[in-house]
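Look at the two complexes coming up: subunit A is in both, with subunit B in one and subunit C in the other.
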Partner chain A sequence: MHLVVTAWRMLVHNRPRLLLSCLSIAFAVVIMFMQMGFFNGLNDSQANLARILDADLVMSHRDKDNLKSTEEFSRKRWRQALAVPGVESGSYLYASASYWWNPQDGSRNRLLVLGIDPDNPGLRLPGAAVSLQPLKQPGTIFYDRRSRKELGNVDVGTEATLGQARVRVAGLFDLGANFSYEGHVIAGTETFFRIFSQRDPQRLADRISLGLLRLQPGADAGKVSRQLLDALPGDFTVMTRAQLEAREKAYTTRATPVGIIFGLGLVVALVIGIIICHQLLFNEIQDHLRQFATLKAIGYQARHLYLIVTSEALLLSVLGFLPGLAATFALYRAIEQLSEIVMHLSPGRILFILFLTLLMGAASAALALKQVIRLDPADLF
Partner chain B sequence: MTPPALPADADAIIARDVSYHFGSGESARQVLGNISVHIPRGQVIIMTGPSGSGKTTLLTLIGALRSLQQGSIGFFGTELRGLSLQQQVEVRRNIGFIFQAHNLFESLTARQNVHMALELHNLTVHEKQRRAEQLLSDLGLAQRLDYHPGRLSGGQRQRVAIARALANNPALILADEPTAALDKDSSRDVINLLKQLAGEHQSTVLIVTHDNRIMDAADRIINLTDGAISSDMEVKRTLYICQFIKNCPIFQGMSLGDLTDVAQHMELQYFPSGTGIIRQGDLGDRFHLIYRGTVSVSVNRNGVSSNVAELKSGDFFGEVALLREEPRNATVTAITEVETYSLSKDQFLAALRNHKSFEEQVAGTLFIR
Partner chain C sequence: MRTLLSWHNTFHNWKRALAATAGITFAVLLIFMEVGFLDAARINAAQLYESMEFDAVIVSQGYVSAQRTLPVSAYRLLQAGNVPGVDATVPVLIETARWMNVAERRSRSCRVIGVDPIQSPFRDPALTAHLDGIQRPNTVLVDRLSSRKYGAWEPGARVFINDAPLTVTGEFSMGTGLISDGGVIVSRETFAEIAGRGADQGYDIGLLRLTADADPGPVIEAVRAALPDDVLVLSRREIIEREQFFWVNLKPVGIMFRVGATVAFIIGAVILYQVLALEIGNRLNEFATLKAMGYAPEYLYRIGAEQALIYSLLGYLPAFVLALGLYALVFRLSRLPLFMDPGRAGMVLLLTLAMAAVAAALALRKLHQADPAELF
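Our next item is the complex of A and B:
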């Protein structure tokens, strides 16, 4: 214990140096947080749609591998599914991409239009329990206020052109843009059909994007899924909401190199951190060579000295982590403001970076091990 | 409180035929050759010699900081030859090290620096506190317990380092140029305190130094030259002898170094009261300096013996017969118990031969007598 205390005293003795060391470590910590933030931000943005579905099981086209793609299947299949034992109720969701004309400057952007039955929406919008009843009025939409700024300055009452229709914003919700679409709107089925009135009305009404099923209390999701697949023709697939969300999160990592890019970025940040921390430790040992050798002379062993050095590394890591975390909060806010990418810091993610930071300290201490072992008290003379 | 108890009867250090090389094969360089030295407990020894003489190497061997290559060193009864690194560490816990630089942690206070040496020993926090405070107070640092080294003077820092070295009651204190960075007064202070505390704790002290200012603090001075012991003398005895024989006309004008050489070859002899030390007519074989007691000088002329003088401690006799290669011209008898430092005839003449103005001195002496 006294060795840890000694390490602490050695660290805090030289305040300017400690400050500089902490800032160096904080720098590495911030880089790690940024890499993780971007990575999670992409995945979270991609998975945002899955999170608002009010369903225990989700049916979709067999080949649909993410919720932003446009494969559709027949609403008949969904209606058949409602009859399968264990299923209590269900909703369906239309979804299709369309163009939105910016009400201010007339520029055009792609967004995803979700079509719902306002009486049975199957969506749980984040924030307040927003009633979707206003959507019963044809020509109204709910607008995702976290859509990109390029879509214009939109509020309740704003009118704009969406696809083939003129629509009015009747309400707002929070979802967030992603890499496929600049924004989202929700429309009642009636309005949805108007927006896509260029398409064949029969087909438009039949092809749904998702079938949302709610199970009876106590029903086993796995068993019901199997029954669904057995009982109905195999042109669809079904998964639980949790499975869907996991798939959505993994989709970006799987389908694009962002996982590799940011994963590598994280590793690089970690390595930078190890190098910085090792440099700090190296100097610390170099400045205390005679003291350490003296301790060795009077009967301390390499492991004692190593404990001092490791304690210094870990204390330094924690001391650097704190300002790094503070800076991260500020930077995340700024990035969300600027890019509308969700930069979410959960306790788990903070702990993960803290763990990496401690790992960084431990690794840099391990690199200094040789320096400590090589210390020969006979050289003091 | 001293770690593994050391046998009470063993001598501090007994080195036998210690040789040491740096490098190996063709490039091997011998720094110590067949050093044998015996250090009893409680002595304060100064080891001196030119740089490269191997004194520091010997210090590190005795301190179990290097492994022995040849020869043996008994450390309070423990053989150092062939110890594992772990065992060396354990031996070192009985040693207090003092270095040329104080090697204190700048980030720790005086008290905390002393603590570092106490942590390896099983003491309660309270005991450690008390011991550190006691030592620092003994060294005159009671008002500086919580000062960092940066706020202490050079002498004070070295005293903290001494406190650290003494912390675990070491059986042996090894000091390497402990006064090199200090001014004259601080040097004296530091060395006197070291001596005093070592005395109180019955520690043996071995100091490697070039510093002439502290030579008189030693009980014994060992001089190393080219990896061999070139002289080994007990300081008090040598000082005593030199002080008196320099008054002897034969040795007048001799350099202190030559006098020291002579002193080193003198042996202590004991004579009970009434013993004849020299008898008139015998062949002269020794020169004597009286260390303790009184002798009478009597001359026998034509069967009549008459006392011509009484000699006391500090007086000397017996040189004339050696110089003239003649029989003794007087009888010297111990009146009390007498101890003399005496020099054999061969040593006596050898010493004089080395002296430049030998012939003059002989003539001068004979003229005066």
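Our next item is the complex of A and C:
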């Protein structure tokens, strides 16, 4: 323990330099947070739809491998599913891409229209009025407040052209644009059919995007899933909401190069961090050569000295991590304001970067090992 | 002689110089990566238009991007063709369809470009020569750069797009943009077969080619005036910029790489500052001696600035080489069009020098502490 105290004293001996060292490490930490943040941000934004579904089990077309794609299946199948033991209730969700004409400048943008039964919506909307009842009135929609600003200034009461219909905004909710869609709206089924009135009405009414099932208390999701698949024709798949959300996030990583881009960025950032930390440590040791040599002369072993150096490295890492984390909070918020990327910090993500920062410190300490072992008191005096 | 001193100072402790250079190298490498990714998105967005020969385009007022637009009636192209200075109008059809990977029994998204084989919209003469092959109905040229998810195909093979059976007559290289997994080129008749809509319902993009002696600005203005505002008339540059704006700014690609590059720049400057400050701190006595010998302060500053220059250039060179390797790696893994071009190499070099300037300006303030009186 006293070795750690020694390390601490050596560090704080030159305060201006300690400050600068912490700043450098903080920057390396910020880069790592940014790379991870963008990676997660893209995945989270792409997966946002999965989070608002109010369901224990979700049915979808067998080939539908992500919620942005357009495969649909028959509503009949969903109705049959309601009769399977263990299923308590359910909702259905229509979803299709349409075009929104900006009410101010007349430009056009693509968004996702969700069609629901207002009496039984099956959605849990953050930031929305409790009730989706206003959607019962044909020609009204709820508008995603966090749609891209290119869609125009939209508030309750705004009228605009959406697909084949003229619609009026009756309420707002928070979901967020993503890479596939510049925004979202929710419509009652009646309005949904109007927006897509160019399509065959019978087919339009029959084909739903998702079937949402809620289970009886105590029912086992896995068992009910198997029963559903056994009892009904196999043109659909079923999964729990958690599975669906995990698949949505993984889909982006698999289908796009975000993993490569930001993974590579993270590795380069880590290397920068190691080099910086090594440099700081190198100078630290260089300046305290006399102290180290003295310790050696009074009987400290090389591994004691090494412990001191490692402690110094880890202390520096933690001291740099804290301001880095603080700066990250501010930067994440600024980026969320400037773009619609969700920059979310969870404890797990913070711990991950803390782990990388400590790894950085440990690696740089290992690089400095030779410098300490070579120390010879006889050279000094 | 002067250069020698800064050079000597830098390499006096070559191990430290190596560590310092490595830090700067990786900061510059990170800038190369971020800027490269940003450019890749821009190149991807512009690829389709860059491959075609035109001076201006007519697209719908509801144009979002090339694959998300509304048709423009053939009559608008006729009207534009009558404006003096317009040499020819070339219609192009575009649709996003589904390519069936038969082996996997899965469909993949596919950009279908419908053209008149007699009137090629493309710049590449090799591609134009290939268009002869798609004059027969239900034949198709496939983009060699299509995703591996397309499965195997070769000339002569039968493929299915939107369930229509088609015969592959050749290949081309364009790159498939950011929406689709791959792309094909077909005749207008085959396009109608695949997309369920033909030229009678209008074109997605009307290319305008101007006569050789025409002044583009006024002619485009005249076309704009001649057509009602259900269409947009944009110059070559404007349509490419619009497409890039859509992909880089509207889709949140740009901000990520700009933030990344900015943070990398700052950290490079911080590293360099630290190296220089330490260097100057260690040599304060030597600098004071030089001062005492009568060297002007400017001389000392010059030595410091030269050192900043040496470090930054030494960091830049390996970063450049490493970037070449990483670009090739990313291209192989993801097919992002990531290549080194002289413009980017130059821009990053400028950023590196700016980094050195910032670091030097901050670190050299220490030099005035070099006081001969305190030497002894």
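One rule holds for everything that comes next: the second predicted complex is superposed on the first by the 377 of 381 C-alpha atoms of A that agree within 3 Å, B and C clash if a C-alpha of one lies under 4 Å from a C-alpha of the other, contacts with A are read in each partner's own complex, and residues count from 1 in each chain.
Keep this in mind: contacts are C-beta pairs under 8 Å (C-beta built on N, C-alpha and C of every residue); 3 or more make two chains touch, one makes a residue touch a chain.
These numbers come from a predicted model, not from an experiment.
Participant: Can A:261 be said to touch subunit B (first), subunit C (second), both, or neither?
Facilitator: Once the two structures are laid over each other on A, A:261 reaches subunit C alone.
Participant: State whether A:110 touches subunit B only (first), subunit C only (second), both chains, or neither.
Facilitator: A:110 sits against subunit C, while subunit B stays out of touch.
Participant: Output check: A:101 vs subunit B and subunit C. Expected answer is one of first, second, both, neither. What do you get?
Facilitator: second
Participant: Report for A:372: first if it touches subunit B alone, second if subunit C alone, otherwise both or neither.
Facilitator: A:372 sits against neither subunit B nor subunit C.
Participant: Identify the partner contact of A:298: answer first if only subunit B is touched, second if only subunit C is, both if each is, neither if none is.
Facilitator: Touch status of A:298: first partner only.
Participant: Which partner reaches more residues of subunit A, subunit B or subunit C?
Facilitator: Touching more residues of subunit A than the other partner does is C.
Participant: Overlap of the subunit B and subunit C footprints on subunit A, residue-wise?
Facilitator: none
Participant: In their shared complex, at which residues does subunit B touch subunit A?
Facilitator: Touching subunit A: residues 56, 59-60, 63, 65-66, 89-90, 92-93, 95-97, 99, 101, 103-108, 112, 115-117, 119-120, 148, 164-165, 168, 176, 208 of subunit B.
Participant: Which subunit A residues qualify as touching subunit B in the complex?
Facilitator: Going by the criterion above, the answer is residues 2-3, 6, 9-10, 12-14, 288, 290-291, 293-295, 297-301, 376-378, 380-381.
Participant: Can you check the complex and tell me which residues of subunit C touch subunit A?
Facilitator: Residue list for subunit C touching subunit A: 16, 19-20, 22-23, 26-27, 29-30, 33-34, 37, 61-64, 68, 70, 106-107, 250-252, 255-256, 259-260, 263-264, 266-267, 270-271, 274-275, 277-278, 326, 330, 333-334, 336.
Participant: Which of the residues in subunit A come into contact with subunit C in the complex?
Facilitator: 20, 23-24, 27-28, 30-31, 34-35, 38, 63, 99, 101, 106-110, 148, 150, 179, 182, 257, 260-261, 264-265, 268-269, 271-272, 275-276, 278-280, 282-283, 331, 335, 338-341
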